[in-house]
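Which chain is which? They are A, B and C, in the order written, and residues in each are numbered from 1.
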Amino acid sequence: MVPSVFYEPPQSFKIGNPGDFPYGPPTFMADEKIFVFRDRDRGFAVASAVCTHLGCTVAHFGSDQKFHCPCHGSVFGADGAVLHGPAPRPLNWFEVTVARDGQLNINKDKIVPSSYRLMV
Amino acid sequence: MERRLQQLFFALSLVALVLILAAAWQANTPSWKTYQRRFLMLESQGEPNAAAKSAVLGTPLEVHQVLLPGLQRVDRCTTCHLGVDDPTMKNAPEPFRYHAGLGPHVSARYGCTICHGGQGLATEKDAAHGNVQFSETPLLAQNYIRASCGRCHKEGDVPNVPELAEGRHLFETQGCRGCHKLNGVGGSIGPDLTEEGASHRSPEWLERHFLAPNTVSAGSAMPNFHFTKDQARDLTYYMLSLTSEEMGTYFSSMRSIPGPGYGRQLFVEKNCIACHAIGGVGAKTGPDLAGVTTRHSMGWLDEQLVNPELVYPGSSMPEYDLETNARKALVAFMSVATPEDAKSILSGRPRALSPDEVSVEAGKQDFSRFGCVGCHGTELQGGVANPNAQGGEVPSLLHVSDDYTKDEVIAVIRNGRVPPIENASAAPPPLYMPSWKSVLSDEDIHHIADYLWSKQQLKKESW
Amino acid sequence: MNLIREIWQSIVRRDPLTTDKGKSELVFLNVWLHIHPAKVKKENLKFKHSFYLGFITFFLFVILVTTGIALMCYYRPYPPQAYQDMKDLQFVVFMGPFLRNMHRWAAHGMVVCVFLHMCRVFYTGSYKKPRQFNWVVGVFLLLLTLGLSFTGYLLPWDQLAYWAITVGTNIGSYAPFVGAQVREILLGGHTVGEAALLRFYVLHVAVLPSFVILLTIVHFWRVRKDGGLSRPVWKLAPPKQQPLVTIGAPVETVALNVTAASKDKTYGLMEVVTGKPIFETVTPEEEEDTVFSYPYAFVREAVVLMATVTTIMMMSLFLDAPLEELANPAKTPNPAKAPWYFLGLQELVSHSALLGGVVAPTLMVLALLAIPYLDRNPSRRPVDRKLILWLFTFFVVVNLVLIVIGTFFRGPGWAMVPPWVHVVAGAE
């Protein structure tokens, strides 16, 4: 009933070298629907861009460091916690590791707490 | 009551019949048929006798389309624009006018939308021209259409479109790659430009953006490069041509291999004679290229151009970002190049470079290609604003040897560096030195360091 | 010629329609028509009682199947060809826009009429004994209709379709225990993609229509067995009392004991079975108020069919079905709305995901299914049923208000924006 292979982007994938990602505002990757955060002191964190309410793609604004969903007005804080709106759960943070070839590897099947960071 | 109901039934059936006929009539009288009839009238006027005239007028009316399955495009423009391939329609009113100057780019092979934009699937004027809600590709304005040539012709000078080569040249020399990725190479501070031609940003927006980035992109860290209007236009043309839609390879796969003439042009442009000789004429740093196509296969030579270090680890030959056609052209040139060609190329050049000079030259090429000039300036003068960094701007590199050893500079290029912050509670500076160790090889970084050292201004002994 | 008459009579084997026998045979000798009784009660034909909503719904379904099959010749359920085919239907298929519009407006019409039909059946109390289970079958038909509309909504593969289905399937995933699994099976993956389009297409053209046809057969059969279309029994005149007169006897009014004839009149196999039937029967008095199905019933059905077809055609000539840009998973329109019949639900969900998305609709469906069994009042007269009528009306009005709010009063970010305020679309 559920297919054994999916014609979709894979759940575990590489996104490039650490040096490709800037500090400051997160990099939004549209196909993978993730935000890649890179902090100078603490390293990498990857947040899901899919609103936990009904699946719309949230936007991140640098002005208030929060995630806003255009569909029903849910607002998530910088750590993904629900501040406002009908979203029932905080945004997911995905595990990010360094692969053997030095690239960053994201695994969407592994949800990690919002405090998780990868120092490279 | 029953009689009335029966009458009502028949009346409604009649109404239904009328409505179906109305729908069929509506479907049978689309606007394109009117255009086609007008065109046939026009065509028949050019016929010499009555029999020929009526033959033309009897042509059935149908939708015309050009299928480009490899590009998933279907262009139906020629349903109304019937005279595009007909030279006798030079002076016909639009939409029937002949499209002069197409050369080999006939509509039957290329369609129309790859140059003009618009919605190829549509058969109504407004929808086809993209002037409707929910259309993603409106027609490209007249004065920007020639930018589309760059979507296939990605290298070299495109005839009649000097703006593209100018734009590309500006892009490579003004350091855009320092912040913007293109085809996988470049910095991550600004957005990736590989698909900019397909981004549906209007040409007017792009031009305004080049002239004053902050007026169209609020809060952007992109400095104002003070381009002239012409330069902004050239860059806009170049941007409009950027798309990874495989149009060049789709068409070239059909036939010709670019010729040695183009290859010679590239040989000169990339300054190959600075390291190579042909039949003894030229430099001695790299191997002599005479007869190289008899010693090595086309594939080997192609790979050498793509990735010199794969074939010769430790090679100081830079990686040139060449498209498939450009590489084919260079190899084609090498198969016919003679010492006379080398002499004539050299005659416009200063003497060949020594190995040290090679390193500096390679470093200079890399410094420009990888976008360092975007922040550090074409003359290494720095000066780009970087709010809240100590010093308030990107530093000049002309005096870097005063404070750092060469190895320290190499380490900074490899690992990157975050500028020290002036005010800890304000927003951090938007610009910083990225880490290049995964992009540049150690050889390249050494070359860059050599280049920097060659440019150092000696400290004045006295003030 | 005799041969022609012979051929005709080998096909049409009934007596001529001018005879009563012929009129009866037209019905019970014909496989397509014999669901009808040969004679119907006049009250069954009252327009103002049923408004023929059941018929209208059925005819809309027929329109949908016909136009749907025609559309199947021009549609490939694979992105992005699906969208290209929609454009082709719009521009190059002969009568393509008309065909697509017919399908779209008949679909919306069917959802509306199914709902109105349910309301009518409720208000006339036609779900009461012995018709309780037919109401249950009807509720399943309602759910199937919504399912058909929902699966069809995705097929154009434009922004409207893609995001409406994303929102809709995410609402469904809130169901406890099974929600996420059911969503994955429905989508054939984790997100709306090519697997989802293919599965929705299969559901829309094969699986769900088959179930609708099967249940419709049951639904019609039970209506017939339950005594035909419901009629306003509370309005019928009491049975006529006729004095029994003996020919030749003195004609003075003699108070005779008159009793109504027994209500037991059996149908069926008269010589084999015994016992009383469970369904409604026709009393001898009512029998005088029956008329032949041909032409009385059939002409009304024919008029309803033509009126439905003509209305949908009028709409299709002047109103175009929407088509937005190609579906873009990276770009969410603001706001992203479910199809209109689910907007009430989306409004509820925007306040509370669990309560609005799972609890409320489940309770609504369970309540609907339970109505015929919880309602112990045997009377069908409106005056005897005031409470339940008010409750139902309240439920209907609340639903409509929620849908209206979701449609007209919710703007970008799901903020409350009255429709008379001109909202400028947000920049990209």
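Side notes on the structure shown:
Following the convention adopted for this analysis, contacts are C-beta pairs under 8 Å (C-beta built on N, C-alpha and C of every residue); 3 or more make two chains touch, one makes a residue touch a chain.
What you see is a predicted model; the values in this text were computed from it and never measured.
Each chain gets a centre from the mean of its Cα atoms; the one farthest from the centre of chain A is C. The chain pair B-C and the chain pair A-B differ in C-beta contact count, and the higher one is B-C.
Note: centroid distance chain A to chain C, computed from Cα atoms, is 45 Å.
Chain geometry summary: the mean Cα position of chain B and that of chain C are 57 Å apart.
Each chain gets one centre point, the mean of its Cα atoms, and the points for chain A and chain B are 32 Å apart. Residues of chain A touching chain B in their complex: 17-24, 27, 40, 62, 102.
Residue ranges of chain C in contact with chain B, taken from their complex: 80, 84, 87-88, 90-92, 94-98, 158-159, 295-296, 299-300, 302-303, 306-307, 309-310, 313-314, 316-317, 323-326. Chain contact summary for the complex, chain A toward chain C: residues 1-3, 6-8, 11, 30-31, 33, 53-57, 68-73, 86-88. In the complex of the two chains, the chain B residues touching chain C come out as 2, 5-6, 8-9, 12-13, 15-16, 19-20, 22-24, 26-28, 63, 72, 74, 76, 119, 121-124, 127, 134-136. Considering their complex, residues 163, 166-167, 169-171, 174, 184-185, 188-191, 193-195, 329-336, 346, 349-354, 412-415, 426 of chain C touch chain A.
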